[in-house]
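The first chain written gets the first letter, and so on, giving A, B, C, D, E and F; residue counts start at 1 in each chain.
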Amino acid sequence: MKKIEAIIKPFKLDDVKDGLRGLGVSGMTVSEVKGYGRQKGHTEIYRGAEYSIDFIPKVKLEVVVKDEDVEKIVETILENAQTGKIGDGKIFITSLDSTIRIRTKETGNEAI
Amino acid sequence: MKKIEAIIKPFKLDDVKDGLRGLGVSGMTVSEVKGYGRQKGHTEIYRGAEYSIDFIPKVKLEVVVKDEDVEKIVETILENAQTGKIGDGKIFITSLDSTIRIRTKETGNEAI
Amino acid sequence: MKKIEAIIKPFKLDDVKDGLRGLGVSGMTVSEVKGYGRQKGHTEIYRGAEYSIDFIPKVKLEVVVKDEDVEKIVETILENAQTGKIGDGKIFITSLDSTIRIRTKETGNEAI
Amino acid sequence: MKLFKHKNVQQLASLLFGAVAILLFFSTQAFAASQAHIDSGDTAWMIVATALVMLMTPAGLALFYGGMSRSKNMLNTITMSFVAYCLASIIWILWGYSLAFGPDLSGIIGSSSNFFMNGIGVKSVSGTIPTYVFVMFQMTFAAITIALVSGSIVGRMRFSSWILFSVLWLTFIYSPIAHWVWGGGWLSKLGVLDFAGGTVVHINAGVTGLIIALFLGKRKGYGKIAMMPSSITLTALGAVLLWFGWFGFNAGSELAADGLSGSAFLVTNTAAATAGLVWMLIEQIRSGKPTLLGLSSGAVAGLVAITPAAGFVNPMGSIVIGTGAGIIGYLGVTLVKNKFGYDDSLDAFGVHGLCGIWGALATGLLADPAVGGAAGLFYGNPKQLLIQFIAVIAVITFDVIMTIIIIKIVSLFGSIRVAPADETEGLDSTIHGERAFEI
Amino acid sequence: MKLFKHKNVQQLASLLFGAVAILLFFSTQAFAASQAHIDSGDTAWMIVATALVMLMTPAGLALFYGGMSRSKNMLNTITMSFVAYCLASIIWILWGYSLAFGPDLSGIIGSSSNFFMNGIGVKSVSGTIPTYVFVMFQMTFAAITIALVSGSIVGRMRFSSWILFSVLWLTFIYSPIAHWVWGGGWLSKLGVLDFAGGTVVHINAGVTGLIIALFLGKRKGYGKIAMMPSSITLTALGAVLLWFGWFGFNAGSELAADGLSGSAFLVTNTAAATAGLVWMLIEQIRSGKPTLLGLSSGAVAGLVAITPAAGFVNPMGSIVIGTGAGIIGYLGVTLVKNKFGYDDSLDAFGVHGLCGIWGALATGLLADPAVGGAAGLFYGNPKQLLIQFIAVIAVITFDVIMTIIIIKIVSLFGSIRVAPADETEGLDSTIHGERAFEI
Amino acid sequence: MKLFKHKNVQQLASLLFGAVAILLFFSTQAFAASQAHIDSGDTAWMIVATALVMLMTPAGLALFYGGMSRSKNMLNTITMSFVAYCLASIIWILWGYSLAFGPDLSGIIGSSSNFFMNGIGVKSVSGTIPTYVFVMFQMTFAAITIALVSGSIVGRMRFSSWILFSVLWLTFIYSPIAHWVWGGGWLSKLGVLDFAGGTVVHINAGVTGLIIALFLGKRKGYGKIAMMPSSITLTALGAVLLWFGWFGFNAGSELAADGLSGSAFLVTNTAAATAGLVWMLIEQIRSGKPTLLGLSSGAVAGLVAITPAAGFVNPMGSIVIGTGAGIIGYLGVTLVKNKFGYDDSLDAFGVHGLCGIWGALATGLLADPAVGGAAGLFYGNPKQLLIQFIAVIAVITFDVIMTIIIIKIVSLFGSIRVAPADETEGLDSTIHGERAFEI
């Protein structure tokens, strides 16, 4: 089992979700994060005081998947999250030791 | 050392925290996330416009623990987070390379 | 490639970010979390009702870096996040299987 | 709270309905429009005063209560006030006004003469203002009184039960009590002093709140889990809007723009400011944390306490009343509530009930004949205190009995408490399908 | 919507400007100050009424609309109302007032006599109040009317286009229509009943909103992605501030503090309360979720519908009007909008347009001669309904034509719609560089 | 800022107290109630005007400032305004009113005749309104003036120091200055024109704010870290409530509902709208981002500047004043503040101080005898400008000296600045133990 973590642009979330749903992915977890990267933040001016905002709102998507599904899922995320403009984000993949479904105590692939 | 990540129902957080505290777990980190899964979201209607809310508020709990404690901690989370109804969430376990306590620079099990 | 996850005090974020930027770190992702630990929360009293707030606001910083950079980055985080007072937080390090830049589909160290 | 079995309830209900029906339809004499003359200044003031009181319910109280309730119940809390205002608006012109201010029937209730605004027209005059304005002014009092009750029971009452309860309560509790005190009923004949509603509004709302809170039981997790107010900022804004509206409430109760309304205006402000500071000072002393919630709550407590006294006490008297209100309100929401362990969630009883009682009695102590013509104990008239006491007891007694009856009636239509799972999830989502903030 | 080619537009524009220029400078006769006497009570009321109406635009409507828009567009939505108020404040005293209320030119527009407040001074009197107060009162009506339009087009209009549009609209649409109905123009001569602005304000704003929404097109993702209101709490607060201000709007339109203003006050409140409850009841029946947004929207719908009728119908009539408004408003924002598929984002047309029409016609049905002297169909005067109908048609027709012309003119200065990327990111950040909440 | 050593401070303090004590207890003659007649219209207006001004402090200013402060200091910011209002409410009736409006002592201060409202009763009349209403009206001015000061020092002042400072400031600075200008003191004898408080309120608050900001020093991280406003939405709402309340402030300063109050009403609105648009236009030109914060700030700047002039200038004059205010306010918060590098956090000096000076001088330029009887330079009376100038200088000088003294006195009771760690954590949590939003 792998955990695929994708940092994407917030307005792409719906597309990515629909893409993954199309693949039969049955679950995912999403959180709001702020990203610092090549994409530069902007400047906000409040009553003459200029503040540079380094962190840009992003969405972090976490999907745990069977090893064999990793590739097509990454593919789908790439497809749906890409705008081609700087700041599109990253995908990180890690290995999981185990997974448990709290409701049923199932573990492993059954738990996803 | 392992990182136990649990996605649970928000109103179960207090129970889980109390359970873990009972076990002597000395630290954990919590964040608000939104989950998509078998549990279906709901529909909200605003002035005639119907929006289906796919993502359901969940809480993500992260606890880093010694290898030998994993089992009983998972057990406790399961016990306290279960409602038996769909959407109870998941537990994911990963291995950590290392852990450092920022205040003291202690590493490894001392740092937890 | 490693993922360095640091839980730090919110008001230290700017220092840490500046420190990392100084090292040439080109990206990071930040999220708001709440921490439970040795540092005790406080009590809030609303109209005579006393509520103990166990969870303290923290910031979670995630930086994915080349293996060889781990040490100096951890060093920098330690330097900038330390106050010496309880509650300074932790650093967790995990191994990544792979990394992909969504915009370009680059992988590995190029993607960071 | 299980005083009544179901069949008893039904018997009582029929009795009640029968009695009221008889009262209502006893008299059908036409309303004779007063020959008085409309004063444009008084009318200007009273329209505005009424608008100010209006603002108190769906804005002031809604935010004051909404901000104190948990974010998952914020909209439900606001909606309870808002819908109460709407219901009162209609009930009042259909029958409430007539029951309260229609021609007196044995000192107990008004007749049905003015049902559906019958007998009242554009040219009808009450004192020096159009009767329609008087009707509206009084309506806003009915509205806020029932809305105040909701503070005791946020986060757990069924919305349909709340609506039914409000309708019955306005009809069978508010209207008679308003009649007793202001509509020429027995308490007014007895000489009770209640300038703007210590008994009619605050004791009335507070006692009802307590009873219904006892009946509903505590919120799930009460005393165990943290129930954080969703927004102290909005609560403070609500308190200020209440204060602002209260100028209409108290100074408007003079029904004219004259010296006495000016005096009521000044003492209202003074009592509020004093009580706010006192409450905050107690917090400072007891916990070292003077809160904005305490300042706001204190101000409201002061406003409650000065309400019955506004047309009778002088500025120094209002400082005394405000000081008492700060102390009593603070104790009401801490000591008293904790001691007895009921969940009067946003303290309709602790603040409005207790400070209402304090204000009603303090009027009997501090009424200065140089202000409104009536003297209290300190000005040599001990009898006034007795009358005030009787009024307080009468209203409490009537409230307790009638509220229980109405709750029983409402309960006939199903549980008045929401399902536990809905309570846990929050009423905004389960009842209304909405969320307060999406930011 | 491509009715006009560019050169046509230019021709039309010159025609339009020419015509207006002729009208404007036709007459320069001096303004003769009325000899009437100022009544302090009426003046007190009218200053306050004006302040109340003022509050409606940059606070009431701004929050009502702002809370309904997505959080990324909240400030832009608020700013559109706020800036509209500022623009109207200035335009009105420079030329708007004179075009609307200056000496009549052939029943079509006012003359330029009072441009720049020429001929009006501290001592000028209108009826029983200072003319300056009358000017301000009428200004607040102009301001809210253009601000109402913004509800149809939130989240996608260029800010500079909105400003230019507002200036032209106030000049070439609002001022003439106000003149027709209230300034001694042809509709007023025809005997139309519009106490406080069913035609001038609500139909006018609603129809313009619809046209400009059609022209702009739908928001990106409309109907597909969830467009969550940023804050129902603030929307409800906005609705209450609107309600509160509307007392000044409707009862103030009597221009005096007397029996009729009292009556307008009462029926305004009743219609709002009724419509709020009816809308919520329909929701309860249709989806089982009675919402605070529905209650608030219904109240506004009721206020819209009673506006033209406020000085003419009795309390029971206002219940009928409120009931109709609750139903029509609900259908307007659900059935009608969904059926035709336009994106009238916050329902300026669905609520203000449709309920404005309902109110204008209902006045022709329910006007009770015992109230304001004029009779509607149900009181034996079918002709009134016809007149109302003519007024509705006239305003709609003028609106459609003129709005299209103005849009074309504004479009000459560049696209009136923001760039797609800016729309996606949100207008708060891309236009104003600010965020609504940082909490 | 270390002008004084501790022993000097003590000497100064005793001197100060001595002097005031002498002044205070000099005269005890009884207050002779004026024989004038109460006008119900004027009274109606003045009660409402007072209520409007009341709303400005704990609601308008509290939100305006609260929304601009960081979310960790929002409640503290609100509380500073709220508590200032409460303190002023009490101080004013105990001694402030008498010091300001009691019988004149050598043009410098009022006597102690009316301490504790001594000599004033329900029947006392001032002009055509009850004296109690006049007292309340003036109280609300004192309250907002001290509350305005808090804008300069948000996020770093000890709460108990703020309270003590407020009490001393109201007593030793506000009351004398109010006496000089409005209470029959030397500036009023000199013929200064200050209709509603350019000197007494705005210059006064702004200069004090600057001094105390200099004394306290900058917020930690000022100029380095981002200090995001917690809510522009609430700031805008606050600005609108200020605007709304300002109608009472300026038009109420006529103390009657007549032609001049109507005129003050109109010019107040015009100046605000103009300044809002001008400020926003400058932003558009300079950065391409017209902000809602700028529009709101500009409106407030315009309101400030028109305050002294409201009863003296005509509508076109108000456009000039508003334009100047938009420009000066903008420069005040950008150029001037950045150049000198002080941390006048929410610009009490930049907006109120500078635009107050502009308004005071502009009154000397633009006063039109056809409006309020007094002529300015442009109407052939250069002397007026000189008088205005003297008043400005006098108030600034007195302010600087007295504020320093008061700060020194307050500092005797411990540091007036919070501990650095508390500042970092935020004052809501460390001082009040509360949070603004939990949503």
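As a convention for this text, a contact is a pair of C-beta atoms (placed from the backbone, for glycine too) under 8 Å apart; a residue touches a chain by one contact, two chains touch by 3 or more.
Every value quoted in this text rests on a predicted model; they were computed, and no experiment measured them.
**Q** Just to be sure I understand the contacts, which chains border both chain F and chain A?
**A** A chain counts here if it touches both chain A and chain F, which gives C, E.
**Q** Taking all residue numbers at the chain E/chain F interface, are over half used by both copies (same) or under half (different)?
**A** different
**Q** Taking contacts as defined above, which has more of them, B-D or B-E?
**A** Top pair by contacting C-beta pairs is B-E.
**Q** What is the distance, in whole Å, between the centres of chain C and chain F, each centre taken as the mean of its C-alpha atoms?
**A** Taking the mean C-alpha position of each chain, the two centres sit 46 Å apart.
**Q** Where the centres are mean C-alpha positions, what is the separation of chain A from chain C, in Å?
**A** Distance between chain centres, rounded to whole Å: 18 Å.
**Q** Counting in whole Å, what is the centre-to-centre distance of chain C and chain D, each centre being its mean C-alpha position?
**A** Chain centroid spacing, chain C to chain D, equals 52 Å.
**Q** Quick one: which residues in chain B touch 2 or more of the other chains?
**A** 31, 44-46, 94-95
**Q** Which chain E residues reach two or more other chains?
**A** 39-42, 44-45, 48, 74, 228-229, 287, 289, 291, 293, 433-437, 439
**Q** Write out all the pairs of touching chains, ordered by chain label.
**A** By the stated definition, chains touch in these pairs: A-B, A-C, A-E, A-F, B-C, B-D, B-E, C-D, C-F, D-E, D-F, E-F.
**Q** Where on chain B does chain A make contact in their complex?
**A** For this pair, the touching residues of chain B are 2, 6-8, 31-38, 54-55, 58, 60, 74, 77-78, 81-95.
**Q** Contact residues on chain F for chain E in the complex?
**A** 39-42, 44-45, 48, 52, 70-71, 74, 228-233, 236-237, 240-241, 243-244, 247-248, 251, 256-263, 265-266, 269-270, 272-274, 276-277, 280, 287, 289-293, 295-296, 299, 314-316, 319, 370-372, 436-437, 439
**Q** Which residues, counting only chain C, touch chain A once they are in their complex?
**A** Residues 3, 17, 26-31, 64, 94-103, 105, 111-112.
**Q** Report the residues of chain D in contact with chain E in the complex, numbered from low to high.
**A** 38-45, 47-48, 50-51, 54-55, 58-59, 62-63, 66, 74-75, 78-79, 82-83, 85-87, 89-90, 93, 116-117, 121-125, 129-133, 135-136, 139, 159, 234, 431-439
**Q** Please output the residues of chain E touching chain B within their complex, sorted ascending.
**A** Answer in residue numbers: 68, 223, 226-229, 283, 287, 289, 291, 293-294, 297, 330, 333-335, 337-338, 347.
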